[in-house]
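Order of writing sets the labels: A, B, C, D, E and F. Residues in every chain begin at 1.
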């Protein structure tokens, strides 16, 4: 039934290549099937003005698509002179999701920026970005702990982003582009290892769903998250 | 337990003043307690370029806060030269929520813009905006039907926006500013008359929740939505 | 002769609702007929960089129209990414007009921002804004004096803004939209209680006037200003 | 009494060099003493979108200062990414002032843009710009009439811009920078040959004036305007 | 003598991975040592407005660096709201260099955009971008010829970009970051297969060179270009 | 053969009027034939943030064209809200060229900004700008030395900018607009008195050249530079 032939609760292949670039403190190219996102973690001394002097750190995210990551070329946001509402929404989601597991006191007065640049898009770029950003963050924090800059691990859990949706009436896991552009409803879930939920964003443009539908999407999301947690652990070992 | 003395499942007073301004095809000043939002519906011939020639209409939303709607004055976005990510996120949510109940074919080649301008803020501005925008839309469409411009009612249901959150460990309905800035988790729900869900955005910065918590928030949201549906019907009669 | 049936020297009804919003130190919804402007005064510690350390304060104005304040919807300046020349011209006029009566030394190192947001427009928005801004300023300064933050009243006089123009050959007071868009000449006057003039801006696009015409407009303006001064006093008592 | 030693009703030397640049249809370097403004008139086919198909033309103005026209260097507006409120206010004034004497029907469907670039500033740049722009416009229209593109002269009168102000209690004509930055009140007048007034902008920041003061400024302005009209005629002969 | 231990006329390893992304009509990840640039060619129907109706096509380039391509993180141009002068300069160079070998008549009314996104930077990003862009262009044009959209090959020669400079007094080929930031003089050469020169940009900030120095840099550039031509041919075979 | 009737190695008349404006520390109107550029040098205390505390100065350039400097009117960059890539490229070139001869240590902690504003354009505006900027810089530094602010002359040589190109197959010196828009190849050279080269930018859009062609352009450039050096010395004597 799915254009890709996958079962409803089947994720695409998760591919992870750590150390994809060499300057960043953490770097990974993560793939959910044909969706490929380069996630880097950059550690900088200092924090934004409103946090100064509190002894806390900050974690933030940025997101962009290369112009030809998509089927047809999109104009460069730098050329247009502003970031779209969609880009800003995703950036805010990435930052919030990762902060959900970081103890900013333990991080100390430093900022970690998670840059998520989509190299190739086939649906689910924001959830791949969140899942990859956790790996880049984990690698960067490992480095800070190895060098003695941080004493106590500030990361309390793993973070996985995963999309689910209702496609031709059936709840399915990890939508690709063909499914995403035709789904009746569509949800992005940010789940933590240990079972907690950091974020649910479930939308139904044109159609709608009910409580039972929401719960079925959430259960599918847990299946995907477990796959992602395992792949993350494997990558950062 | 709540700073306002309200019961956990108690909404603030809903106030609705239709016809607050005279030029718009639909106009309402909606209040959820001290949160006051002016919502207007403007009907224009024509649709955005990507919809032309399809015989369909479009519904979109815009959102802004007056600089001193808040406790301390915020800089004007027009002066800063760009809209914040938060503003754009809310605008997109308003448009999506209303489109969930509008049959764009029945609307015909016209655009309805729902401008939601926050006159005074005390938490829940986006949900008041959605709830008020439905009234403005309903009034504007009533006008189009009365004049014979539209034959068949394109609005399939009512739309209510309502926030819930976990405050000091207890799920509560319709957070005001004091609660919102101290909530452990916080959800915005867009519900339709008839029981369907159009949108769930549940976030837990710093803390997290679980499936049971999400369901409890959703159930509170239904209580609030029923209050809003009744007030809307009363206003547009 | 006037579309509204008013006599040439007749102002529209002046309506004033103080305390229209609750966060601002001064707040008023002022109406000149169907023109409605929300004026708030926000007091902030500190002054712009070029005034620091001089022991003086600052008074400034900002102005905007809600998108559907007008007969047809106008694009939001925040969405366009810049304020129009007209908006900036009016903002500068509001700030200059109010500073004409404020002793900045007595104000001390604080800034008062007068936000004038047009809720509904029917001609004369800038003059209603100036007249309402004086009320908001007066209320805010009353608060600073009541709390002992300011010892000596820094406000030396009242400020009224009023428009006059030549419509079908006759000088008329307080132009509404129908008159404004068809006037041969058009003047905005800022007058002070006590008889002094703070600002004259008289323009004749397409047509022109002479010295006698200017004086006749100025005399009409005085009639309107007296009405406004009385209404202001009544409101701030 | 005046820093320059001039009598109160004495203008600075007016210098006019027509044909200062060769590409523009009209070009003049005008000087009011040390204030030097290059004014060019550019004729283009077509009109702005909102005028198309009406058989009318359009006249508009633009204004800028070279960064080091002033005593201390100012940042380039192109580098800052926007034009200041002051620049926009002056541009609007230039366009309005020249349109006051042009019959747009006789001009036909063409636009004339009057670019006024301040090469050196010593007070009164906007009034020199208006006075010079009239010359550039006259030269450009002469060309259109010589070539037969326009049959009937669309220019009904001359336009002069002149500033006056109250300096140390005395009304004075044509303020230079030293006077302008210390004047108690300050007015810009746009007068037409034949005695009509196109625009009065009289401002008193900090101080104020009365009706008699306004009339004295206006009478001084007439003296200056007569000097300018004579110099203009001499230049375009 | 060189930090990398290379001989003065020794290039870094050239790595080329075609088909790095799947949506673009041509795609390649090119590496000059640790400098990695993703170049994609996007074919679109239609041409810019100023070329319409002439039967000609257009080739243009865009360039960007990922924020953490460099040793320390750089702010995103999309977030800053404008492209730097350096970015625009490089974009113009890429477009000009490729147009030097394309017969725009043979290309027909279509535009090919060469997006060059630097994934990792270690000096020479613009020259790697040009060399990679030629491969992406070649692949895209091969596709157009295979599908019969283009009859005659519009590409007349290969294009190689290569940097040379004077480092500690010695002319060296293909500067890496350590050399580039300490070079006395620095040139970027765009050379064509067959021996012609498309572009020379030789700069000496602080120091200077003479005619003999320029020729020695040019000769080194030829050595590098021959290496690049061979690698390009190998990649597109 | 040349449209102007000049010999291939013949420059246009060089005209130099120093002290063209009075506020700048150095000011010159330079003409290469009908190309006229106003160059001013502004001296300011302090340096950009990244140079603070090093005891060094900075020299930078800015460039703009008046809207009607050209045959047809161009839109104002300040109105468009950004500087074009061409403008930024030229600004960077001007700054780099002048820094090639300035000892920034001897200059001390001050910045000199060279503003080059094109009053009239007929090809070669950037090279006239560089040649004129050197004069403005020399005059400003003379002032600093005369006042004792600088002890040792920081300027090591003269700087001339000159364009050459291949027009109808023949290398020619100092291209005017007619030649520039039809040249097969086109080079801008920045040469120093004493024979050194600061910058070569040689471009061949559509056509190409070879090593011999480059050398012939360079030799022509030397002929032009000698003319410019003589005129500069004459002007600053």
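The criterion applied here is as follows: a residue touches a chain if its C-beta (ideal position, glycine included) is under 8 Å from a C-beta of that chain, and two chains touch if they have at least 3 such contacts.
Each chain and its UniProt protein: A, B, C, D, E, F = Ribonuclease PH.
Note that the coordinates shown come from a computational prediction; the quantities given were computed from them, not determined experimentally.
Visitor: Touching both chain E and chain F: give me those chains, sorted by label.
Guide: For chain E paired with chain F, there are no chains in contact with each.
Visitor: Counting only C-alpha atoms to place each centre, which chain is farthest from chain E?
Guide: Centroid comparison gives C as the farthest chain from chain E.
Visitor: Farthest chain from chain F, going by mean C-alpha coordinates, please.
Guide: In terms of C-alpha centroids, the chain at the greatest distance from chain F is B.
Visitor: So what's the Cα centroid distance for chain A and chain C, whole Å?
Guide: Those two chain centres are 50 Å apart.
Visitor: Where the centres are mean C-alpha positions, what is the separation of chain A from chain D, in Å?
Guide: The mean C-alpha positions of chain A and chain D differ by 59 Å.
Visitor: Between chain D and chain F, what is the separation of their C-alpha centroids in Å?
Guide: Once rounded, the distance between the two centres reads 33 Å.
Visitor: Quick one: which residues in chain A touch 2 or more of the other chains?
Guide: 81-82
Visitor: Ring chains in order, chain A leading off, chain B next?
Guide: If we begin at chain A and move next to chain B, the sequence is A, B, C, D, F, E.
Visitor: In their shared complex, at which residues does chain F touch chain E?
Guide: 82-86, 88-89, 91-92, 96, 99-100, 187, 192, 195-211, 213-215, 218
Visitor: Considering only the defined contacts, which chain A positions touch chain E in the complex?
Guide: On the chain A side, the touching residues are 21-24, 27, 34, 36, 38, 40, 42, 44, 62, 64, 66-71, 73, 76-83, 87, 113, 115, 117, 119-121.
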